[in-house]
Amino acid sequence: MFSSESSKGGLLTKLVLFNEIILVAVLVVISAAISIGTSQFYSTSNILNILRDSSMAIIAGIGMTMLLITGEVDLSIGSLVAFVGVVTMDIINKTNSVFLGVLAGLGLGAVTGLVNGLVRTKFKVNSLIGTIAMMMILRGSVYLYKLEAVQNYHQLETFYSVGNGYLGFMPIPVIIMVVLYVVFLVILYRTVPGRRLYATGGNEIAAKISGIKVDNLKILTFVANSVFAAISGIILVSRMNSGQPNAGVGFELMVISGVILGGTSLGGGEGTLVGTLVGLLILRVINNGIIILRWNQDLQIVISGLIIILAVYIDNKRKVARSKIITT
Amino acid sequence: MAPAKDAVLDVRKISKAFPGVKALDAVDLSLRGGEVHALIGENGAGKSTLIKILAGVYFKDEGDILFNGSPVEISTPSDSLKLGIKVVFQELSLIPHMTVGENVFLESFPLKNNRTIDWDVLYEKTQDLLDTIGLDITPKTKVYKLTVSQQQMVEIARALSHEAKVIIMDEPTSALTPNEVDHLFNVIRKLKERGIGILYVTHKLEEVMALCDRVTVFRDGKLISSREVSETSTDNLVTDMVGRSIQTLFPRSHAGKGDVVLDVRSLSTEKKLREVSFQVRGGEVVGIFGLMGAGRTELAKAMFGLDAVQSGSISIEGQELRQGSTSQSTRMGLGYLTEDRKGEGLVLQMSVAQNITLPSLEDISSAGFIKRKEETTRSQEFVDAFSIKTPSLRQKVMYLSGGNQQKVLLARWLMKKLKVIILDEPTRGIDVGAKAEIHRLIDELASKGLAIVVMTSEMPELLGVSDHIIVMCDGRITGEFSRESAEMEKILEAAIGQKEYRYAEQ
Amino acid sequence: MQNSRMKGTSILKRMFSISEIGLLISFLVIFIFFSVTSKYFFTVRNLSNILGQVSLPLISAVGLSIVLFSGEVDISIGSLQAFVSLPLVTIMNATGSFALGAVGAFAAGAVIGVINGFLVTRLKINSLITTLGMYYALRGAVYLITGKVAIAEHSGKDLFFLIGNGKLFHFLPYPSILMFVILLVFMFIMKNTSYGRRTYAVGGSAEVARAIGINVERMKFSAFVICSLLATVSAILLASRLGSANHLAGQGFEFQVVAAVVLGGVSLSGGVGTLLGAFIGVLILGIIQNGLGMLNVSTMFQLVITGVIIILSVAIDELKKRHE
Amino acid sequence: MKKLILISLAILMIFALATVAFAAAGEKEKEGPAGKVPARVGWVGNYMMHEWYQNVWKGMRQRAEMLGIELEVLDANLDMAKQVSFAEDLIAKGVDVLIITPVQQEGAAAIVKKAKMEGIPLIIEASAVEGMTTMVAICDYDCGYKGGVATGEYVKKNLGGKARVMAIDLPMLRPCILRVDGFMDGLRTVIPGAEIVHRLDGQGLKDQALQVSTDALTADSNINVIYGCNDDSALGALQAFKAAGLDEGKLVVCGTGGEGNAFIHAMQEGGPYKVEAAMFPEAVGYECINMSVKLFNGETVPEHYVTPTFALTTENWDDYYSLEGDVRSINWDNVNKIPREDQCGKY
C-alpha cells in the first residue's frame, strides 16, 4: 500500500528516494534530541571524541562497504583487530620500531584477507560461513600467540600518538580516517576499479563476460577490507596502550550494522560510502548520547537494533517506490 | 466488438495504468473453446500486462472478465487457477531443484487420506501426462537437468494436470528449435481437440499463420485489430503491430571477405564439444545452427573463456587465446553477446551508460579515472545510433524493454573496438521492429570488417544473415554450407545428425 | 514411514541420497578418529552424553533449516532462548506448575516468531537484518528486565530438572528422545506433505511459487513461527540444564546452529538441503566439541580446529556440487 | 568427485591429527600414588583464555603436582550450555573430584544436582551456587572494601580529602557489583563524602571500558578516583583519562584482581595507578586442590572457604609478587600470612 502512495511522486517521495538524506535527517534529529537533554553533547571535546572513537569503525566500514558491494561479507574483522593489536605491540616491543610493528600488523591483515578471499573464490565457501570460521580461527590463534595482554615496554611517543595524538586540534585517527575516506570515495565513484566493484556485485557473470577478473577483484577487496580492519586495530592498540587478545568482540557486527544502516544492500551491487559514514556516526552518537544522558546502558543495543530495522524499512519503502515505475 | 456466443474467456474494456504509463486502454478480447487465438504486438504493447491480469498477478483498474459467460473477479493467482486458466510464462515457472512430478503437481498434490502426498499416484499421473504430450523423460528427473524445451513441455503437462479450460502461452517458441516447435504445435493441436481455448502470445508471424485460427493485435495498450487468420496476411499484421510497414528483408551490404580472423581448432570440452574446428574471416557472418542441446552456447562460452576447455585452441589473427580468461579474450578483441540478457548480460541496477561502457572502461579513462564527460558523449552516440528508447543515460537498465536492453548489450560491444563478436540468439524475445534493426546492425558491422559468429535457432534468421553456415549436433559439427548451398532440409538433416554435409560433398 | 516409496531400492540408498553421503563420510572419519585417539570417547556413557548435548542445537536446527528452505534466515534464536526462559521460570516459580511455565514460554516464542514473520513478509525487511535487530532487541530486553540477575528455578519440580538432564534406561537422554521425535516428524512433513514441498518451492523461487498460486508470504511467515517455537523447545531444555532463566543463555547459539546446518548442506540461498543433512551437520560439530574436550585440547586449539573443519567440510560439499 | 572428497578429507584428517597431537603434547600428567589423595581431579573453567584463570590454573597445577594428582581441565569459554556438557564429559571420564567455575552462578544449579546424583564430590570456585556443598572463593565485597580503604587513605594524604569516583562495573556478573559496592563502602570509611559520579558497564574489557569512560568523561570530567572491577576495566578507564588530556597528578586508580602482569607494569610506571585490590588467583587454584583432597577423604568442609585478598600498593606489592620478564611468581609465605575472613561482608 505504501508503495502506491509513495509512487505518486510528491516532493516527500522524491526525498524518500534518497536514502542518505533520511539518514542525515535521523542523525540531526537524534543529535538535537540529545543536546536538548544535555549541553555537553555539542562541546568540541565531545564531537572530537565521537569522531576519534568512530574513526576506527569508519575505517573498517570503508572496507566492509566495498566488500558488501561485491556481494560478500566478512565477520572475522573483530578477531582480526585483536590479533593485529597484539602482534603490533609485540613486534614494537621486540624491535623498538613503530614502523616494523605497523608493517607486521598490516601484513597480518593482508594475509588474513588473502586467505578469506581464496577460501571464497577457490573453495567456493559462502563468505558468511567462511569468515565465521575465520573469526574462530583468529580468536584462537591470538591466544595461542600470547595468552597475556602485551604491555607497552617500548614507551615510544610516536606509537602513543597514533591513537591519542593531535595534529592541530584534530585527533590523528580522525585525520587518518578522513584521508582514507576521501581517497576511497574517489576510487569508488570515479575510477575503473570502483565501477567494477559495483558491476561484480550487480551481476557476476555479466562482469566476467565484460572482461572483469571477478575472482581477483574479490580477493583484492577481501584483502583491502582486512587491511582496513588492521589499521583500526593499530589505532585501537595505541589507544589502549596494550595489545589485548580479548579486544574487538562484536566489532564486526557493529561495523556491518552501520554499513547496512547506511543503505548498502546485502545482495551486493548497491551501497555508498556517504551512507556508511552517516550510518556509523548514528550508531556512535546513540551510544555516546545514552551515556552522557546517564541512561541505562543496556538501551544501547536495544535502540541500535530498532534504528537498523527502521532504516532498512525506509530503504525498502524507497526501493519498492522505485520498482513500481517498471512498466511492462 | 461483439463477444462470440461460445466464448470461454471474454475480456471487456480492461484498463490498467502504471505510474507514468497506461499499459492497457479498454481492450477487448474473446477466446473460444477449442481455438488457438494469437495475441501479437510489439514489446510494450500490453500483451504481458493482460496475461498477468488474467493470471491474477496484476489487478485490473477497469473492465470486466467473463468466464463461460458469467463475470468473475481474478485478484490472486489461485483465483485464476481455480477458474481453470493456466499461463505458461515466457521465463519458465518451474522449481529447478524439484522433480518433474513435484513441479507438475505443485499447486495440488494428490493426497493419501487427504493428508500426506501420495507419491505413487503423483508419479504415475505425471508419467501419463508426459506420455500424452510425448515427452520422453522420467517423472523423477530433477528439472534443472532438463533442456528449455523439455521444461516448457513440463509446464504444459502441469496445465493439463488440473484440467485447464484456458491455456495462455507467452512466447512459447522463443527458446525452441524448429522440430521442437513442430512438436509443440502438435501438442497444441491435441489440446485444441480437447476443447481447450489457447491464447497464443508471440512475435513470430509465421507461427500465427501456421497455427492460429484468430489473431488479435495490440499496440501501445490499445486494441488495433482482431480477425480470422484466414482473412489476413503477414504484411497487414506487421502494419497493425508497428503502425507502419517495415522492411522485413535481411539487408546485405557487406561483401568483401578479409583474411581469417577467428580460427578455432579441434575444440573439445569435458561435457559437450567434440573436435570443433572452423574459421571466420573479417567481414564475414558465420551462422551456427543447432537444436537445443547441440552445444551452441557451450561452444560460445568455451571460445570466450567462460567454460573450461579440454583440448584444442582458439586464436585471433594468429594469436592464441589463453584459456579460461575472459579478460584476455576481451582485450584481444573478442566479444560475446549472451543469450541470457538479464541473467548473464546486463547489470540491472546500473544505468544505461554504465552498462554500455562496462567492457571499455580503459578506453574512456586515464590513469584509472573514468572521464565522466567522455562516458556520456560516447554512450549517447550509441543510444542515438541504435535509437535506444530511454528517458536518460542515467536510467537504470532494468526499466528498459527487452528490445532496448538487447540494443544496450550490443552497444556495449560495439563501443569496444572488436575484431570478432559472438552473438548468441541475438533476437530472442524481441519484437519485429527491433529484430529488423539488429539484423541491419549485424550487416553494418560485417561491412565494417568485423568477423561475426551468429548462433541462432531461427531458420529464417540463419539463412538471412549468414554468409557461411555451420550446423552442430551433439557437440560435433555435422554440416557446413556456403550461403548458396544452404537448404532448409539439408540443414535440418544435419542438425538431427541424420546426414553429414561437408564442402567436399558439394 | 513411507514404505510405499521404499519399493525397489534399498532403504539405505533412499535415506542417503547422494547429497548427504559426502557429509556422512566426513562424520565417520571424525568419529573414528576420536574413537581411536581418546579412550574415553567411544564409551556408552560419553556417547549418551553427546546425544543429550546435540539435542538442543539440533531441535533449533530443524526450525532454522525450515526457514532457510523457505529462502530466509533467522539469527535471533540465541537471544530468544534467553528471553523465553524468563516467563518459563518466573511462572514456574510463581505457580509451581511446569505446564503453565511452558505455555508462557511458547506464547512468548510464538509472539517473537510472529513479529519476525510480520517484519519480513509484510514490511519486506531483509530477514538477516530483521532477525539481527531482533537479536539485539531481545538480548537488550532480557538485560533490562532481569537487571542482569539470573532467575534460579526453585519450583521444586523434579520433572523440570529431568526433561533436560534425565536419561531413559540410564542411556537415552530425554532431550534426545524429544529431538528424534521432532526430527522424524519434520523430516516426514518436509518430504511428504504439500506444506513441506511448497516451502522448498518458495525458497527455490518465490516468483514462480507466487505465479502458481502459492501464498509465499504465508509459507515464510509460518516458517518463522515454527523456527521460534522449536527454538523455544530448546530454550526450555536449556533452562532445565542450567536450572535457571539466564540472561547470558544462548549467546552465540545462533552462529553455532547456522554453521552446523550450512555444514549439513542446507543452502543459505534457499530451496536446497535436507533435515537429514542438517542433523549430520550438527552431529559433526557436536562430536568435534566433545571429542576435543575428551583429548584435553585447549580452547584456542578447539576454536582453530572447528573453524578449519567448517571451512573444509563446506568446501568439500561445494566442490562436490560443482562436479555433478 | 569421490576422489576429491577423499583428498580433502585426508587433508582434514592430517590437520586434525597434527594439531591435536601438538595440542595434547603439553598436557602430560604424571601418575600420582593413589593413597589418600584423589587420582584425578577435573576442572571446568568458565573462561580459561583469561589471564586470571591462567593463574588460577597455575596454582592448581603447582599444588596438584606436589600431591601427584592428575588434573583434567576443560573450558566452557563463557558458554553455559557447554559448561553443563563438559561437566557431564568429565564425569564420564570418571574424575574423582569435580571443580566448577560457573560461567554464571544460577547457570550451574543443574550441575550441582547432577554431581549429587552421580555421588561425585563437587567444589564450586568463585561464586556460590544453590545447593552446593562447598565453595572456594575470595570475598568480592571485602576485596573491594579493602581497595576502597587503601584508596581512601591515598586520597586523604595526596588529593585533598575529596573523592569523586568513576567506577567501571560489569553488572552482568554479581561479583563485580559486590566489588564496586564494597569499594565505595570502604572508601567512605575514610572519606565519608565520597560520591560515585559514573558507574559504567565496561564489560570487563579494556576496549569497552576505554570507550564508555571516554564518553562519560565528556559528560563530567571532574573525577579523581577510578575504580575498575577488574584490571582491564581500570586500565581502560585510565587510558581514557589520559587521552582526555586531564591531569594525572590529581588522580588515583584502583584495579581489582591482579589477574595478570598488567597492574604490576602500571604500578612500576609510577602513574596514578596506586592501589590494587589483589585476589591472588594462584592461591585460589592452590586451595581448590587442597579442598578437593579434603572432600575426597570425606572431611567436613566450610560452605565457603575464603581465599586471601589484600590491598596492594606501590610500596608493598613486591612482598607478594616478583616479576621476571613476562613470568610472575607468587611469594607463598607472605600470601599465606594474609589474614582471611571466615565470612564475607556481603554475598
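A, B, C and D are the chain letters, set down in written order, and residue numbers restart from 1 in every chain.
Note that a residue touches a chain if its C-beta (ideal position, glycine included) is under 8 Å from a C-beta of that chain, and two chains touch if they have at least 3 such contacts.
On a predicted model such as this, the values are computed, not experimentally measured, just so you know.
Taken together, chain A and chain C share the touching chains B, D.
Taking each chain's centre as the mean of its CA atoms, B is the chain most distant from chain D.
Mean C-alpha positions place chain C and chain D at a centre distance of 34 Å.
Centre-to-centre separation between chain B and chain C, using Cα means, comes to 44 Å. The centroid of the Cα atoms in chain B and the matching centroid in chain D are 70 Å apart. Taken residue by residue, chain D touches two or more other chains at 49, whereas all remaining positions touch fewer.
Residues of chain C in contact with two or more other chains: 143, 148, 299-302, 304, 308, 315, 319. Within chain A, residues 143, 298 each touch two or more of the remaining chains.
Taken together, the chains touch in the following pairs: A-B, A-C, A-D, B-C, C-D.
By the touch criterion given at the top, residues 119, 123-126, 128-130, 132-137, 139-141, 143-144, 148, 255, 258-259, 262-263, 268, 299-304, 306-308, 310-311, 314-315, 318-319, 322 of chain C touch chain A in their complex.
Interface of chain D with chain C (complex): residues 1, 4-5, 8-9, 11-13, 15-17, 19-20, 22-24, 27, 48-49, 72-75, 77-82, 84-86, 88-89, 92-93, 103-110, 112-114, 130, 171-172, 174.
By the touch rule above, chain D contacts chain A in their complex via residues 49-51, 54, 200-201, 205-207, 210-212, 214-216, 218-220, 232, 235-236, 239, 242-244, 260-262, 265, 326. Every residue of chain C that touches chain D in the complex is listed here, in rising order: 22, 25-26, 29-30, 33, 37, 40, 43, 45-46, 49, 52-53, 56, 143, 147-154, 161, 164-165, 238, 240-244, 246-253, 289-290, 292-302, 304-305, 308-309, 312-313, 315-316, 319-320, 323-324. Of all the residues in chain B, the ones that touch chain A in their complex are 18-21, 23, 44, 46-49, 52, 304, 306, 325-327, 329-331, 336, 338, 343-350, 354, 358-359, 361-362, 365, 368-370, 372, 398-399, 412.
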